[in-house]
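Here the chain labels run A, B, C and D in written order, and each chain numbers its own residues starting at 1.
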C-alpha cells in the first residue's frame, strides 16, 4: 500500500465516521476539520527493522483506535478525526530533518509524532523545539535525558538511559549471586553502537561494585553475522552469566549459535530483540529463561487487551519493551488534548505536569522523563515478563539457572 | 566579462532565495546544493580521470564526525580547517596506496573504504575514548548552512573551471583517455591524480562538516550512510561527469525526484535508483549533456 | 653532447631474456634503423629507453642524464619522445590538445599561447593544421599516425623513438611519411626507428641496428648490414611476411 | 586454538564458495559484478521462503536453486552484459561500464528483495544441533555448508584442469583476444562463465541461508569479501580463490578471538591493501 492510498482511505474513514457521529451528537461536530498528525519514520534503510516493529504499528494502531471511537476529544467535548501524513526518512538524519521541516512548514500539521531511535530523536529535537511541537520520544535510550529535557523544554524522554538498564540487570544478577545460584564471573559482549556502549560503560562499574568479575568483555561491530567465535570464547571463560548488550540481529544470531553449540549458561541475557514477538521462533520454541531488555506486566488486563488489539490489527503481538511505552505515550497525548486542546504550549505543559491513565498504568512524568519503567524481563511460560525492578508492582521472580535449551 | 557576470548574478539570486521560501523550501535547497557540491567535487577527480570513486561518504562522513568531536573545543572556522586537513590527509594516504594501481582496484578499494573508516572510528571510540555518539550543539541556522554550502558549491565549480584551464586540467583529461600516453608525454601520473583526488576529497569533507549541525546527534553508523556515495555517482554521471555544470544539472532534478519518491513510494525507491543507474549506463554513458550535443549534431547533419 | 647511450641494457620477463645486454650509442642528430624479426626485442628496447619498462640491468643515458630506472614522465621531460606500434591518440581531446600536451608537460614546459603555437607548428608539419579543433576520435588511421607524430614533435625532443610509424601506409602516404621524417632529422633530432619497410630504411637511415632473440647482432652501415650473412640468416629464419 | 582453527575453516568455506563464482565472472566473462552479493541473497531468501512456506529443506532446495542461478546468470549476461561487452573497445572501459551497470543491478535486486521479503533480519533453524569435531562443537548446518563448498570447488577445479571445456575456459580467461583465432566462441564461453558464476553465488546463498542471519541490505558485505578473496587469490584462479577464502575465514576468526571482534573488517582491508601493493596479480597469480 502506498502512502497516498492510505491517506485517501483515512480521509474517507474520517468522513464516514464523523457523519455517522453527527446523527448521534448533533450538528456542529460534523463540520469539524480533522486533526492532522504527521510523522517521519524509517520505512527503508538501517532503522526500518526497529521502526517497523515498535513505532509504525503502534502509530497506526492508535490512529485506528482513536478514529474508531469517533476521533480525538477536544476540551469542549467535540470530536475530531485524525488524518495522518507520513514520510520515509530513509534512516538518514538529513532526510529526517527535511521531512520534519516539511511537516511543520509545508503541511502545517497540528502535531508531529517522533521518529524511531535515539539518534533520530536527537536530530529531530531542535526542530520540534523550534516549531514548538511537544516531542514524546518513546524509543530513545539516553543517559543524558535530564540535560536534553533542560535544553528543549517540550521534549519528553520515555525510555530511560543505558545506566538504568545496566544497573537493573546487575540488581537481578546480584540477587542470584547472593542466593548462591551463580558464580561471580560474567562474560559480557556489547555491540559497537551508541546503545551497546552506553550499557557496557554503565555495566562495568555496576558489576564490579556488586562483586562480579568480568572474565570476558568484548565489543563486536554492528553487522557481525557470525557469533561462533565470540560464544565459544564466552563458553570457555567459565562464567555462569552470559550478557549481550546487543541489537536484534546479534541477539538472534547469538541465541541460535548458543543453541547449536549447546552453550547453557545459568543466565543468558540479550539486548534489543529479546523481547520481540518473533524471539520464541528464533529460539526454536525454547525461549524460557532467556532475559532481555524491557518487559511488561503480562498479568495486567490493560496490557493483555493491548496485546490482543495489536495482534488483531498488525498480525503479530507487539514487542514487550518499547511498544507498550510508545502506545502509552500516544494515550498521554490523547488525554492531554482532551484536557487542554491542540495549543502546543498548553499541551506541553499538561504533558509535563499531568497524570495519565494508560496501558502501563498511571503515568506521571518526572522532570519531562518517564522513570517508572521495567529494566529487565525474562521469558517464562512463553510470555516475556518483567522481573526488574523487583519491587515494582507486577514484577515476577526471575528463574535462575535458566533451563537448558 | 559576461561569462563571469552571469554566474555571479545567478549566485546572488540563489543567495537571496531563503528570504522567500518556507523552512521546508530552505531544507530542500540545502539538500539540493549539498548534492550539487558532492557531485561536482566527485567529478573534479572522477569525471576526467574515470577513476570511479565509491567512497564519497567516507570523506563526507569524516567531515561531519570531525565537527562532532571538535565543536565544543575549537571555534567553528578552525573546526572546518581541521576537517579539511583531516580529509586531505586521508585522501593522501588512500591515494598514495591505490592510485598507482589499475582503475578497477581503486573502485574496489573505495567500495569498502567508508565501511573501513566507520569501523576504525567505532573501534577507536569504543576502546580509546569510550564514547560512541556525539552531539553537535552549534548555533548555526539553516540559512547559515545554506549560505556556506552555496559558497562551497560555487568554489567547487569555480575551481573545476579554473583547473580545466590549467595544465592540471589538461593532464587529468589525458590521464582519463590513456595513462601510457600521458606518462610518455611527461605527465607525472601519480602527482596529477593525487592532487585532484585530494582537492576533491577536501571539498567532500568540508561539505559533510558544513551540513552536520543539522543532525545534532552523530554516530558512525549515522554519518557513514553509503547511499550518499551512490547518489553522488549517479547524479554526476547522469548530468555528465566531464562537463563543468554536468554534475550540478544531474544533482538537482535527481535530488528532487528522490525527495518526491521517498514521500510517495518509499518502498520502491531503491528499485527506481537501480533502474536509473542501468539506464544511464546504457543510454547516456557520457551523461545527458553529451546526449543533447549528439542530438544537436545529428539535427545539424540532417539539416545540411 | 646529447648522445643516447645504451650500455649493456637487459630485460628479463620471468625466464625469458627479451633484451640481452644491448649496447650502442646514437649520436646527436643521427638517424638509425632498428631491425629484426618479430619478437626479437625491438619494441622492448624502445620501452626500456622510454621508461615504459625498467631495465633489469645495464644503463641508459641521454648525454650526462641518466635515464634507466626513472619514470617515463621524467624520461620524456629529459627529451625522449616516442610513438607507439599500435597508434595511440586521445579520442576525447581535440587535435590541438592532443599535440599540446607534450609542449606543456615535456622538456620545454610551455603554457598558454606559447604551447598553442608549438602545437600548431607541429600540426602544420604533419599537415593537419586545418583540423586543429576537430575531435581526435573522428580521424582516419593515417591521420591518427600523423597526429601521434605531431605530438612527439611538439615535445621538442632530443631523441625520437618511432615504433613502426610507417607501417600500414599506402605508397603515396609512405613517400610523404619518409619526407616528413627526413625533414625532422634536419632540425637536429636524433631518431631511432623500428621499421620493417626496407625501402624506407634505405632511404632514411645511413646506419642500422639489427636484433635477433634479444641480442644486437649487427650495428653497421645500412648497405653492409643488408648483405650481412648473420642478418640474412636471422630474417630467413622468419616467415616471408615478417 | 583448535576451536579458532575449525570455526575459521568452516567460515572460510562459505567465503571461498562465494569467491569462486565471482572469480569466474571476472576472470572469464570479465564482468566486475558488484551485484554478486545480491544474487547470493536472492537464493538465500528463496531457500528461506521455501523452507518456511512449504517445509522444503535447504539441501533439497539446492538442487533447484543452483540450476535456477545458472539460468538467471545466462539471462543476465545475454540481456545486460553482452551489449556492454560489444560496445567497449578496451578492457578498462568494460570494467567501468560493468561496475556501474551491476551497481545499478545491486539496487534493483535490493529493492525487489525489500518489497518481497521486507527489511527484517531473516534466519531459519535447520540442522543446527552441534556436532563434535576434534572436541569442538560445530553446528551441523555449518559443516554441511562447508561440505557444499568443498564439493563445488573440487568439482570446478577438476573440470577446469581435466576437461576440454575447462581448457577452453582457461584459454578465454588468459587471452580473450586470441581465443577466436583457435575457433573458440568467446561470447558463448563468457556467457557460460558468467552463468556458472551466478550458479555458484546461488549455492553460496543456500549455505548462507542455512546458518547465518541476513537481511535484504546485507549483500554488499558478501560482495566485498568475495572481491578481496578474488584479488588475493588472483583473478580467475579457482584454486587461489579457494585457498584465499579459507585463509580469510581463518584470519577473521583469529582476529576476532585474539585481537578484537571490532577489527575483522579492518583486518580484511589491511590484507587486501598489502596484497594489492605487494602482489597486484594475486598471491597465486592469474588463473
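One rule holds for everything that comes next: a residue touches a chain if its C-beta (ideal position, glycine included) is under 8 Å from a C-beta of that chain, and two chains touch if they have at least 3 such contacts.
Quantities reported herein were computed from a predicted structural model and do not represent experimental measurements.
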Touching groups left behind when subunit B is ignored (all other chains fixed): A, D | C
Any chain that touches subunit D and subunit B: A
Pair of chains joined by more contacts [C-beta pairs], B-C or A-B: A-B
Relative to subunit C, chain with the most remote C-alpha centre: A
Centrality ranking, top chain (CA atoms only): B
Whole-Å separation of chain centres (CA-atom averages), subunit C against subunit D: 46
Intercentroid distance (Cα basis), subunit B paired with subunit A, Å: 37
Distance between chain centroids, defined by C-alpha means - subunit B, subunit C (Å): 42
Where subunit A and subunit C are represented by their mean Cα positions, the distance between them in whole Å: 75
Subunit B: positions in contact with at least two other chains: 119, 122-123, 126-127, 267, 269-270
In subunit D, residues with contacts to at least two other chains: 114, 260, 262, 265
Touching two or more other chains - residue numbers and ranges from subunit A: 44-46, 192, 219, 221
Category of the chain touch graph - line, ring, star, complete, other: other
All touching chain pairs, where touch follows the definition stated at the start: A-B, A-D, B-C, B-D
Sites on subunit B touched by subunit A in the complex: 22-28, 30-31, 34, 119, 122-123, 125-127, 130-133, 135, 137, 142, 211, 214-219, 221-222, 225, 227, 259, 262-267, 269-270
Complex contacts: residues of subunit D adjacent to subunit A: 3-4, 7-8, 10-11, 114, 118-121, 123, 125, 128-130, 136-142, 212-215, 217-218, 221, 253, 256-257, 260-262, 264-265
Residues on subunit B engaged by subunit D in the complex (per definition of touch): 50, 52, 54, 97-98, 101-105, 107-109, 111-112, 115-116, 119-120, 122-123, 126-127, 226, 230, 233, 237, 267-282, 285
Complex contact set, residues of subunit B against subunit C: 167, 170-171, 173-174, 176-178, 180-189, 242
Footprint of subunit B on subunit A - complex, ascending: 2-4, 43-46, 87-88, 90-95, 97-99, 101-102, 104-106, 118-119, 122-123, 125-126, 131, 151, 192-194, 196-198, 201, 219, 221-222
